[in-house]
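Before any comments, here is the structure.
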Amino acid sequence: MGADARPQLRMTHGRQVEYGLGVYSGKLGMWVFLCSEVMFFTALIGAYIILRWGSSQSWPDPTKVLNITLTAFNTFLLICSSVSMVKAYAAISHGDQRGLRLWLLATVAGGAAFVGVQVYEYLHLIHDGVLPSGFREGGEIMEALTRAGLPTGGHELFGAAFFTMTGFHGFHVSCGVLCMIWVTIKAFRGHYTQAHHEGIEVIGLYWHFVDLVWIILFTIVYLF
Amino acid sequence: MRHWWFPENASSYGGDLDSLFYLILYITGAVFIIVEVGLLWFVLRYRTRGGAAAGGPGRAKAYYIEGSTRAELIWTAIPAVLVVIIAVFSQRLWSELKDPANVPPDAQPIGVMVKQFEWQFTMAGADGRLGTDDDITRKDHLTVQVDQAYQLELQSIDVIHSFFVPAFRLKQDAVPGMTTRAWFRATRIGEYEVACAELCGLGHYRMPARLVVLSAEDFTRWQAAEAPPPAGGGGGQ
Amino acid sequence: MTTVEKKHPPYMLVWLWLAVLTIIEVWAAQAGLTRRILIPILILLAIWKASLVAIYFMHLKFEPRRFLFVVLAPLPLAVILVVAVLQEWGK
Amino acid sequence: MTAPAGAAHGPDAAHAEHHHEPSFLRKYVFSTDHKVIAIQFLFYSLFFLLVGGALAMLIRWQLGFPGQPLPGAGVLGDEAAPGGVIAPKFYLSLVTMHATYMIFFAVMPLLVGTFANYLIPLKIGAPDMAFPRLNMWSFWLMIPAGVLALAGLVVEGGSAAAGWTAYAPLANTPDYTGVTTGQILWCLSIAVFAASSLLGSVNYITTIINLRAPGMVWFRLPLSVWALFITAILAILAVPILAGAVIMLLFDQILHTHFYLPAVGGQPLLWQHLFWFFGHPEVYILILPAMGIVSEIIANGSRKPIFGYHTMVYAIIGIAFLGWMVWGHHMFQSGMNPILGTSFMVSTVLIAVPTAIKVFNWMGTMWRGRLWLHTPMLNAIAFVAMFVIGGLSGIFMASTPVDMYIHDTYFIVAHIHYVLFGGSLFAIFAGIYFWFPKMFGRMMNERLGKLHFWTTFVAYNATFFPMHLLGIAGHMRRIYDPNAYRFLQPLQPLNTFISVSAFVLFAAQLPFIVNFFWSMFRGRPAGMNPWRDNGLEWTVPSPPPHGNFAATPKVLHGPYEFSHPDTGEDFLPQDQPLPTRPGA
């Protein structure tokens, strides 16, 4: 995703800071793309809010259905991965190639771990009977809710909304991890120097955006 | 030509709707004529013969004007005023049609259950309330009394349909999972057709229903004849 | 692109703030507060954390002011959509 | 903003030595040159325009001659057209796919694919788009999207049959329409189309903001670039909503989720809100570029500066801004809260004001001009004439009670076709006639062009104006055979007349097709500036070389200095200085 390397574009790059919003093309393009991602998650999270608080349907209590402590750890993991991304950017802006590589590896590890925990949580939930089409009769969750005397109504939509939102967020994190691996390989080849490292900042923007969406998702889906 | 224009109005508010339509027609018609005649006149008045060579050096040039804010103010203000007029008149009729508070107090309920490709009407019997024993249920057939207000309670079993009576200028979608309401008051005795206006599958084009408006006496006679036997018998079919 | 040496905000401090706020959130969610108090608190904490990430990690602090217009463009639209549709049944 | 000292404004030395010749594959197929990508989009969308038109002919045959076998329809197979008579389910697939192809795969790629790709870099003086590889991907993603959309026609069960609006319970429950894989393919093709459209829009916004030539400040941008810029912003913010909504519709079908199924708490109206929240910015995506193209061509054809340039820019921004607050006018009768109906009526009625400003400003441009009625100018004037009818008929729908009668009738179909065909398509024809010489280096034949224009103009009005009458008589949309309703039977002569005119309209496109392919190889060679226009694209040879400008142009004034009193010619390209008045 780094800036285009064609010679004459680099010449025009030099001039563009003067005209645009004072932001080079790669970063501006990524921010415009992130605006469209905000609208995409607006559609999904907006639908969740509307389905949950719009209709009179009762909604199973997420803190009971989902494993909060595991996802809290997962959120912390993603925040650490975000920090390591920023440290990588700070390292290369000081010209520290070794620091860049180490922090990039940490970021990739953090991202992959996050996706791993997410997949584990999915398998655990599906095993317990939380499906996109609703809670499975006789599944672990249905038993637990009925035993605790909690309402199980409206569970048909819970699975659908939960899996769609967190699923697509996981998909975006996985794409981010793949791009990060590609950037790390280029970093090991010395592609980024102190003078030219837009690629790191652009992938960093995407990574922090994905972390930002997770912060909102974690609060709305898991804690309410 | 009668058929290529509005069907004859047969409901109380149909006349208001038609007059609002004509108000908008006259306003937009005037603007339409101004623009089309203006365009035609400009084309005929200012066209040049020479085509490609028209713009050579030394030839007469067009009038060099960047624009005139005065003219722009005029053709901003006038459309703004016209659309506000249309909005005000529309809102008055809209609240009369849709505001639950404006439903005539004497309106009798009619239960409309729509399913893929047929209408089922449940007319309140003599007691004027639904859910009582004297309700009359008919498929694709609705009988009402003239000059009596009725409130439709539309429900759909499967997909979205739309209850459309062109003669009454009435249209209201029936959405599964919701009860949508609409009221009308027939003002002309006769038989009218009910159509489905929202795409609802293969049979969307063939689900007409008959809506019969009877005078007061005929209606009571019809109601008595059609009412189910009082001993809790099922609705006559 | 010969950029002047970029100032870097205290990343570790921001990281600490984020960790603390997350712990507070999780504690609040499980402390059995009534929903009327819980939901505003959680929303505020989420917005606080999100703006921390956006301002410091995404370097919005160092971008020209005009650029914020591009960044904040979708938010009012999201609010318009959700609020208008909630009007539908949220009586 | 002082210019950084290091930036060289002289001829781009680095550009001169860029001489290695790319392979045929790199140059024409997987090219990252915005001009080649634009021409790829052009052929792609003209193909879908033809396919969409053919489906429309089948629809008109069934409505014009209900139940009668169509000669040669046997090829469609027994399931779709038993004995040559179109079956009801196939009819619904025709209606759905006609709209889907025309909107998503013909008009939008033409306006936002072809013209944006071709004009933006050339008109702002940039060598290419900001992200050439991303630009290439935005075209190559359209191939799977197109294949998925076409696959519906041949797949078992037929293609999607729930209308291009795919309203909720009908579209996401296979047994209501009998279509299973067709609807899934439709959802997938829309999702892939959304990805391609986003990549394109990211490119256009970044290029316009960052890669403008020196001197090309915001208010020297041509109106077509302004329109394409605002359209790209609308696309960036609206298309993802469609992607999200369509993905939920897809999950309803394959994962048995219940987003829009009311039985278990889902909301059918949720789909309508999400779809139309995308839908209305979408129709402005379809019309704003057309308005930009028409502004260029009317100014050129009148040999006169555009009337009120700044107002035109603010009108585009006004339309785009209001475009986000009107989506509910598609849902007045859908069971939506009537109070919301009032607010949507007010915002919809307000949009008529900036539109009226634009129309009167176009007329102001033609007033006291020296009209050179070349074919692009004829099409542009027809755009203004026809778009006015479409805009005015829109006011009938904005008025909520009148919409109660005409909603989902042929009055709406007439409105759609007056703004989309009378509006966007006439502007597209104008744009193709106008920039064809720059794209292919040869002029299109004027006589064939005028023949195509007049026959299309007459047949178009004969086809779509009577639809207003059908709508007023209460003729509903998307019905297979109107004679099932007694009150529609007297309208059959109108339907037959419309169908015959539609066949004439389709045949009227032949001169354009012949002209298009014949002129590409045998047209009169066009010089650098055949239309004597001011845009930067007319200061480079046609077709422009790779990298467009030998030396980055320096822009000295706005793009509409026609008939300037002190210049010899009646036009003044943007990179030539304004003559200083002798005494000024």
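A, B, C and D label the chains in the order they appear, each numbered from 1.
The definition used in the following text is that contacts are C-beta pairs under 8 Å (C-beta built on N, C-alpha and C of every residue); 3 or more make two chains touch, one makes a residue touch a chain.
The structure presented is a predicted model; accordingly, all values stated were derived computationally and were not measured.
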item: Centroid comparison with chain C (C-alpha atoms), farthest chain; value: B
item: Interchain centroid distance [CA atoms averaged], chain A/chain B, Å; value: 48
item: Between chain D and chain C, distance of the C-alpha-averaged centres to the nearest whole Å; value: 37
item: In chain A, residues with contacts to at least two other chains; value: 14, 21-24, 28, 32, 35-36, 39, 42, 46, 50, 54-55
item: Numbers and ranges of chain C residues touching at least 2 other chains; value: 2, 73-74, 77, 81, 85, 88-89
item: Touching pairs - complete list by chain label; value: A-C, A-D, B-D, C-D
item: Residues of chain B defined as touching chain D within the complex; value: 3-7, 13, 16-17, 20-21, 24-25, 27-28, 31-32, 35-36, 38-39, 42-43, 46-48, 51-52, 54-69, 71-72, 75-76, 79-80, 83-84, 86-87, 89-91, 93-95, 97-99, 116, 158-160, 162, 164, 166-167, 169-173, 175-178, 180, 193, 195-206, 208
item: Chain C-touching residues of chain D, taken from the complex the two chains share; value: 6, 233, 237, 241, 267, 269-270, 273-274, 277, 324-325, 328, 336-337, 339-340
item: Touch list for chain A against partner chain D, complex; value: 4, 6-12, 14-25, 28-29, 32-33, 35-37, 39-44, 46-47, 50-51, 54-55, 57, 132-134, 154, 156-157, 159-161, 163-164, 168
item: For the chain D and chain A complex, residues of the former touching the latter; value: 1-4, 6-9, 12, 14-15, 18, 126-128, 130-134, 198, 201-203, 205-207, 209-212, 214, 216-217, 236-241, 243-245, 247-248, 251, 255-259, 264-267, 270, 274, 547, 552
item: Chain B partner contacts - residues on chain D that touch it in the complex; value: 88-89, 92, 161-163, 167-170, 173, 176-178, 262-263, 266-269, 302-311, 333-335, 338, 341-342, 345-346, 349-350, 352-353, 356-357, 359-361, 363-364, 366-374, 381, 384-385, 388-389, 392-393, 395-396, 398-402, 404-405, 407-409, 469, 472-474, 476-482, 484-487, 490-491, 494, 532, 562-565, 568-571
